[in-house]
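First chain written, first letter: the chains are A, B, C, D, E, F, G and H, and each begins at residue 1.
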Amino acid sequence: MNVVNLKKLLQRIQAGRVSVEKGLEELKHLPYEQIDCATIDHHRHLRQGAPETIFGAGKTAAQVLSIMKKMKEKGNNILVTRLEREKVPPLRRAFPKARYYPSSRVLTLINHPVEMRGRGTILVVCAGTSDIPVAEEAILTARMLGNRVEHLYDVGVAGIHRLMSQRERLMAASVLIVIAGMEGALPSVVAGLVNRPVIAVPTSVGYGSHFGGITALLAMLNSCASGVTVVNIDNGYGAAFAASQINRL
Amino acid sequence: MNVVNLKKLLQRIQAGRVSVEKGLEELKHLPYEQIDCATIDHHRHLRQGAPETIFGAGKTAAQVLSIMKKMKEKGNNILVTRLEREKVPPLRRAFPKARYYPSSRVLTLINHPVEMRGRGTILVVCAGTSDIPVAEEAILTARMLGNRVEHLYDVGVAGIHRLMSQRERLMAASVLIVIAGMEGALPSVVAGLVNRPVIAVPTSVGYGSHFGGITALLAMLNSCASGVTVVNIDNGYGAAFAASQINRL
Amino acid sequence: MNVVNLKKLLQRIQAGRVSVEKGLEELKHLPYEQIDCATIDHHRHLRQGAPETIFGAGKTAAQVLSIMKKMKEKGNNILVTRLEREKVPPLRRAFPKARYYPSSRVLTLINHPVEMRGRGTILVVCAGTSDIPVAEEAILTARMLGNRVEHLYDVGVAGIHRLMSQRERLMAASVLIVIAGMEGALPSVVAGLVNRPVIAVPTSVGYGSHFGGITALLAMLNSCASGVTVVNIDNGYGAAFAASQINRL
Amino acid sequence: MNVVNLKKLLQRIQAGRVSVEKGLEELKHLPYEQIDCATIDHHRHLRQGAPETIFGAGKTAAQVLSIMKKMKEKGNNILVTRLEREKVPPLRRAFPKARYYPSSRVLTLINHPVEMRGRGTILVVCAGTSDIPVAEEAILTARMLGNRVEHLYDVGVAGIHRLMSQRERLMAASVLIVIAGMEGALPSVVAGLVNRPVIAVPTSVGYGSHFGGITALLAMLNSCASGVTVVNIDNGYGAAFAASQINRL
Amino acid sequence: MNVVNLKKLLQRIQAGRVSVEKGLEELKHLPYEQIDCATIDHHRHLRQGAPETIFGAGKTAAQVLSIMKKMKEKGNNILVTRLEREKVPPLRRAFPKARYYPSSRVLTLINHPVEMRGRGTILVVCAGTSDIPVAEEAILTARMLGNRVEHLYDVGVAGIHRLMSQRERLMAASVLIVIAGMEGALPSVVAGLVNRPVIAVPTSVGYGSHFGGITALLAMLNSCASGVTVVNIDNGYGAAFAASQINRL
Amino acid sequence: MNVVNLKKLLQRIQAGRVSVEKGLEELKHLPYEQIDCATIDHHRHLRQGAPETIFGAGKTAAQVLSIMKKMKEKGNNILVTRLEREKVPPLRRAFPKARYYPSSRVLTLINHPVEMRGRGTILVVCAGTSDIPVAEEAILTARMLGNRVEHLYDVGVAGIHRLMSQRERLMAASVLIVIAGMEGALPSVVAGLVNRPVIAVPTSVGYGSHFGGITALLAMLNSCASGVTVVNIDNGYGAAFAASQINRL
Amino acid sequence: MNVVNLKKLLQRIQAGRVSVEKGLEELKHLPYEQIDCATIDHHRHLRQGAPETIFGAGKTAAQVLSIMKKMKEKGNNILVTRLEREKVPPLRRAFPKARYYPSSRVLTLINHPVEMRGRGTILVVCAGTSDIPVAEEAILTARMLGNRVEHLYDVGVAGIHRLMSQRERLMAASVLIVIAGMEGALPSVVAGLVNRPVIAVPTSVGYGSHFGGITALLAMLNSCASGVTVVNIDNGYGAAFAASQINRL
Amino acid sequence: MNVVNLKKLLQRIQAGRVSVEKGLEELKHLPYEQIDCATIDHHRHLRQGAPETIFGAGKTAAQVLSIMKKMKEKGNNILVTRLEREKVPPLRRAFPKARYYPSSRVLTLINHPVEMRGRGTILVVCAGTSDIPVAEEAILTARMLGNRVEHLYDVGVAGIHRLMSQRERLMAASVLIVIAGMEGALPSVVAGLVNRPVIAVPTSVGYGSHFGGITALLAMLNSCASGVTVVNIDNGYGAAFAASQINRL
């Protein structure tokens, strides 16, 4: 659109209907963001088939609903994260096709089939059953972003053979998202077994000196295995987003 | 080799020279690691042309020297990180071709040309001139791992136009390593401008409530931009290792 | 009044009705606070048209009501901050003209028009929609203190062009209050764009290693942009009060 | 300049020497930063007579020298902060007019008289004699920025009458920089006595549970007096910069 | 009793009914604790007229009731601290004379008049109205321990003249308990005005970087005024107990 | 079983029904975990008579129920820890023999008598009555693991003679679990009195600067008495598990 | 003096040489601090025979020397704390009678015999030999302040009988200063044995998770024994000052 | 000795040379610790062949020398931990048989052969070569305490097969001391492989967010493997002492 406007201005200059001086003036005051949009392209990932995403925490059902309605007009798929269960009914009334995952508090609305864009498989590994909600958020996000996703649950380091017996699946993945609470040791062990990027997600699963996930976070940041990068506590969405970017390279 | 041994055992069983019972016993006690090595392949990244790496901090010059000598025999390239300047002279006497970078405290020994293995370009971006030593560690590591590396220095967020004017270079990279001390805001801004994986490296550059890099680390973990993953404070090596894994996908 | 008393004492000394010794004694014991009040003037800002302010957190509705009634007698405008919604009904019954803002939990009672006293415009900028309650507290406070206030919402650093396109509004302000949660980077970017005082307000918007606002607070204290000063987490009131003092110079 | 180029482009379009399509293409690729520079004006404060500033910590004498030489060419006054004493001699050899203040580790080079630009007086208040180095950094910075500066030393809250006896000087200032280590209580008391902006600077003066200034910093952020804003620990420079911006309004 | 037993043993040795060797053996095994009880006298303060005290937090109403009943038999006065309001009704049914103070969550049961044992006056000073519950716990405790107690409320440091005007009352006290939240500065100022022991009590009154009282606690531990000692956050009881011990010397 | 399979393979090789090459191939792909199970024996402690354990926190009643049903089939005793009271009724309906301990939130299901396996006595010592729930978790766990367990309650260090009078019981134990909140000093005193392993359990009993148990945890880690080892806050289960392992040596 | 001036003013008013109005004016502007000094008496403790005190840390030898010279003129005894050994020689040259205690880094200069002013005995108790420097600072300070001081060393809680055997000395003291590093448990045990005020001093003796004294500090603040108050880490001076105030009551 | 004195007293009572009353009096005042020594037996572990131990940190060479001389008289073996290298020469001059281990800073003096008292083997496992000094302290201590000790070095979790291949040695040990810095994950993995007590020792090996060992400490406290207990950072001595107590059961 703004390219259209710009073109019109130049045409009017060419046609002599607008003087150079006035054109210069308009160009100088041409809203920055409009030139900008043409190059920065803030919405670039939407055009690539990615879903629109709403961070549901701290928003009322009414706010989420109104944002979803606006998004729906554009026909995009929609992903809502951290959506408390009590906010779901009004959304489901408005969007009967919406699907809610209570464990991970994710809501998805698939308006058109997700285009597969990732090259390899993203493997989501988690240490304990209590970490599964975070894993689910990562899986749903990665799928909405067009990736093939597999998972491996309950392979914590205290029973290392469970993990070892799955080495082939670990090595077959392109990118791994490794999720753990408690002492957060799983990403170190996994990264020592594979030769692929490992994104570590600490979870708030623990108590006492676990400090709501800080212990797992610190352990992951201090991993003795090379190639581990880390996201914030319980941030399954962020890990999946990064993994998806990697998987598209 | 261990496959060879295993084969011999089976042949002796087949030939009746070893009983099934004795063979069973040997198999049960067959050193775990030997079967293991065939599949896990601990040295996998070495075979791929990666350098051997020594973490120099806390090792004496004599220890580093002895490790380097052993590595040298295999003919690999060698990368030593966090090597204090006073430990360098004896190493240089033993390895005249070694090159030391005092700012990043990295020593490299190139025994054979590094094979280019990365597909795209890794761009190392840093906020201030004081972050350059960490950037240099990342650059040297990424190059030793077979990547094309470029850099962009001194583009901190307090003078945002410096960064904005380099948008094209930002967008041309496959993976970005973004390094910042102080408030650690640069990865958020960069990740908002590009559509590629951003690995954030907090540095210990700061004072007072900076807590030796903790403030920058926390800021990066809490980035409002999707797709940012984080490594430990001043860990240029780790960021480059992860970026290299991504760049090979 | 105390000046009156003091004058009377001196007159009685002059008239010989009080001896020098006794006068000396009285002066030595003259209640400190009375001389004091004449010079310190604790109520100075009230005389300047500022509203009376009540910090509502931790006070019962009854306590707030009784304080408001006493204040009302003096005819001042009244500002109540951090007032939970359930305390509002009894206040509204007593003061039908009171207006409550549920998002920011502010209640205002305008008894006489606020006198405009600020010289320029205070611009309240905030990073995300979740930061708006803090912004609203700042805006309402600054208005009650007699300032012209404008705002700019949802210009977080992950989409830097949104901020850049508003540069003219940023540069037109006399004082800026910049509010952000998450990584708290916005004040650094804004302070790099303007040449005016920037008061940064960290918010508790975030999760995990955000520590209820500490990450944003630390980031702001470590801003690489000169001229940023900081107030406590979620302290929109304090920022507005400081901005108002600056705007009156 | 870029306006000139832009004008030329439009003239060539008007003259038909450049087609609309090609003009459109050029405009889309018109380097962002060049339009940008005309409006953002990164060097704005230099043109206003401010000194060029170098943060000396972590830079070698050679680095500081080379930066100073480049700055000197433009004829600006130069301020170097946090410069260790051992780096001074080579700088003094190159710039004999440079003056070094060992207590605050500040070096100044006055190439032309500082133009007075502040409207009122900035008063620097500090609690104990150990806080004086930070005060000195603030004073030297504020003077270099064109402000009239006064100071009040050793008026800590444990001997409150020392402070009370200086109330008139406190009330005469336009902006106050209040510096304290230990329990950091001074800004609260001062802000309760004056009606002007108070910028609080915590110092690292203390021991044990003082945590290198964190206790004073926290106390100041939690001041019960309205209108106090805070900068990082020992950041006399930052406080003076902010105070100077306020004093120019 | 055990002295009696011991005497009997010696008499039997003297009488030759027990050999030296056997006596030696018995003495070696003489239960430690029995000699002990005679001298340590765990219940010493009860004999001195002090109330029996129950820390109510984390105890059920039934548990508190059963402890009170046992105590009641000995006829002592009883003090229950941190008793949630919902636990009071059953206690009041059992002890109609019990009196409950909802603000401080203290319950007292006066079975006999408290004997005045303190020599001077304990003055309880607090900074803000929100600190009053802690002050009330201190006052009730100190009274139950036999002290004359006075109080001074709402004399925070941001309005220093309120405190200054009460200097005579401050100087008349034997021991001072000074209570403050926020930046916790009041004990420093008070200790600078008086020449008596000051016990500082930080409160959890504050928000954000106040960390539930830690900021006030740290400030008090780092007081620049000599003679300030500190107790745990909100520990009005502990401060009163210590003050009472001092007041009895 | 897998030994059986392995044997069969070798027999078929011996018999010439499987070639050496094919046997080699099978052995290389022989599922890792199956050899593994024979040696690692993940379920080793179950076979030794230990109960199956479920960490109830964060699991729904339905999840616990389904896990218990599966365990029940194997006939093992079952121990559920950290089970909130509201989840108990459905479990009790399904397992009428289950017994719930509300104070420690432990549920036990005894399907066959616990076999006594410990050699000595485990003594559980706790400082205050508020620490009893953690003590109870330790006691129930240790008993389920086949140990003789005794306890000693309310022997905190502020009334040291209570502890001293029980020295003989302290010295009679094989292993001691010492539980304390507040300042966490009890393990130091106990470890100074006995010559046996002391496992210290910090509890979250405390307030203010107790940080939910961190103070007690830190104190125990810094014990001046040799031989103290520490588990996480409130981790009665973990202490009992470790004590049981020690008691079986 | 100022009383003299005030008297003169009143006499001149009485004599009619100064009008009431002018007198009023002078009184209003009468320097606050001068009336103040008459009542606040900042130097009150000096007149009571206390030494002048200099906090030596962070002061140069020259600064300490110049302060001591000024103090010397008034004839007071002088106490310098935290004085590094290398600063002592010039002080000793100037004041040959000065005595330096290298372990506690205290320097004393006795110009006239210390007047005994304390009523009872202050007992300084410390846990380990490494805590002795802090104990020595406390002892020297308390003696300079006119108290009878005794000490009890190396009675840490891991060998509780050492402490128990000294119970009589503990109970004979008026005030106790109890010093400990590591887990900081000693004050709790001592306060349970005596009925006197206990001032606890945490020391920085420890390592790892001791955090330079924080663990001991937290333990003391959370003491389960009533009547313990706490000062900053290693603050022997502060403890002695408070103990001395108590001992004079 | 004191038994001798006690016997004499009883003999004099028996002989009628001392009356019962006077004997009673003497017994009541008989120094507590002397009866005490007979029962508490502070030196119990020395009699069991344990070495005398000196914590060398913070002691001068002269102090260590004087303590060693006193110990030497009793003929015990002596263990000095944390002894800086520069303090060794004078000790070696006095005790030529002393042996110093520079890496672990341990000095041993073997005066008589260490009696083997442990029942099984203590296995010391460590993750990286930088953890070896802590391992060495543990090994030397455990040997001096009469245990058979083996070790396993450089089996960090990032190369899990190194550890797995040593499973038999792990399972053969009676007690395991597992030492790790960085993310501190090794104890979890080891405890999942063995059925014996695991004592975890975090080390200060790491950087940035490792906080001098805190990250490893927290990870170990939050281990998902049952049966792990933890000691302070770098506390090889404490782990060995506890392991030795366990090994003697």
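The definition used in the following text is that contacts are C-beta pairs under 8 Å (C-beta built on N, C-alpha and C of every residue); 3 or more make two chains touch, one makes a residue touch a chain.
Because the structure is predicted, anything quoted here is derived from the model rather than measured.
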Revision key, fill the gap. Shared touching partners of chain C and chain F are A, B, E, G
Revision key, fill the gap. For the C-alpha superposition of chain D onto chain G, the rotation angle in degrees, rounded to the nearest 5, equals 90
Point to revise | Intercentroid distance (Cα basis), chain C paired with chain A, Å | key: 39
Check your understanding: Taking each chain's centre as the mean of its CA atoms, how far is chain A from chain H in angstrom?
Key -> 51
Exercise for review: Express in whole angstrom the distance between the two chain centres, defined as the mean CA positions of chain B and chain E.
Suggested key: 59
Review point. Which chain A residues reach two or more other chains?
Key: 39-40, 159, 164, 167, 193, 208-210, 214, 217, 221-222, 226, 232
Practice item. By the touch definition up top, name every chain pair that qualifies. Key: A-B, A-C, A-D, A-F, A-H, B-C, B-D, B-F, B-H, C-D, C-E, C-G, D-E, D-G, E-F, E-G, E-H, F-G, F-H, G-H
Study note, to complete from the structure: Within the complex, chain A is touched by chain C residues 129-130, 159, 161-162, 164-165, 167, 205, 207-210
Study note, to complete from the structure: chain D contacts chain C in the complex at 39-40, 44-45, 48, 53, 119-120, 167, 174-175, 193, 195-197, 199, 217, 221-222, 226-232, 237-239, 241-242, 245-247, 249
**Study point:** Residues on chain A engaged by chain C in the complex (per definition of touch)
**Key:** 31-33, 36-37, 40, 42, 57-59, 202, 204, 212-214, 217, 232-235
Check your understanding: What does chain E use to touch chain H in their complex?
Key -> 3, 6-7, 10-11, 13-14, 16, 20, 23-24, 27-30, 32, 35
Check your understanding: Within the complex, which stretch of chain C touches chain B?
Key -> 127-128, 156-160, 164, 182-185, 188-189, 191-193, 206, 208-211, 214-216, 218-226
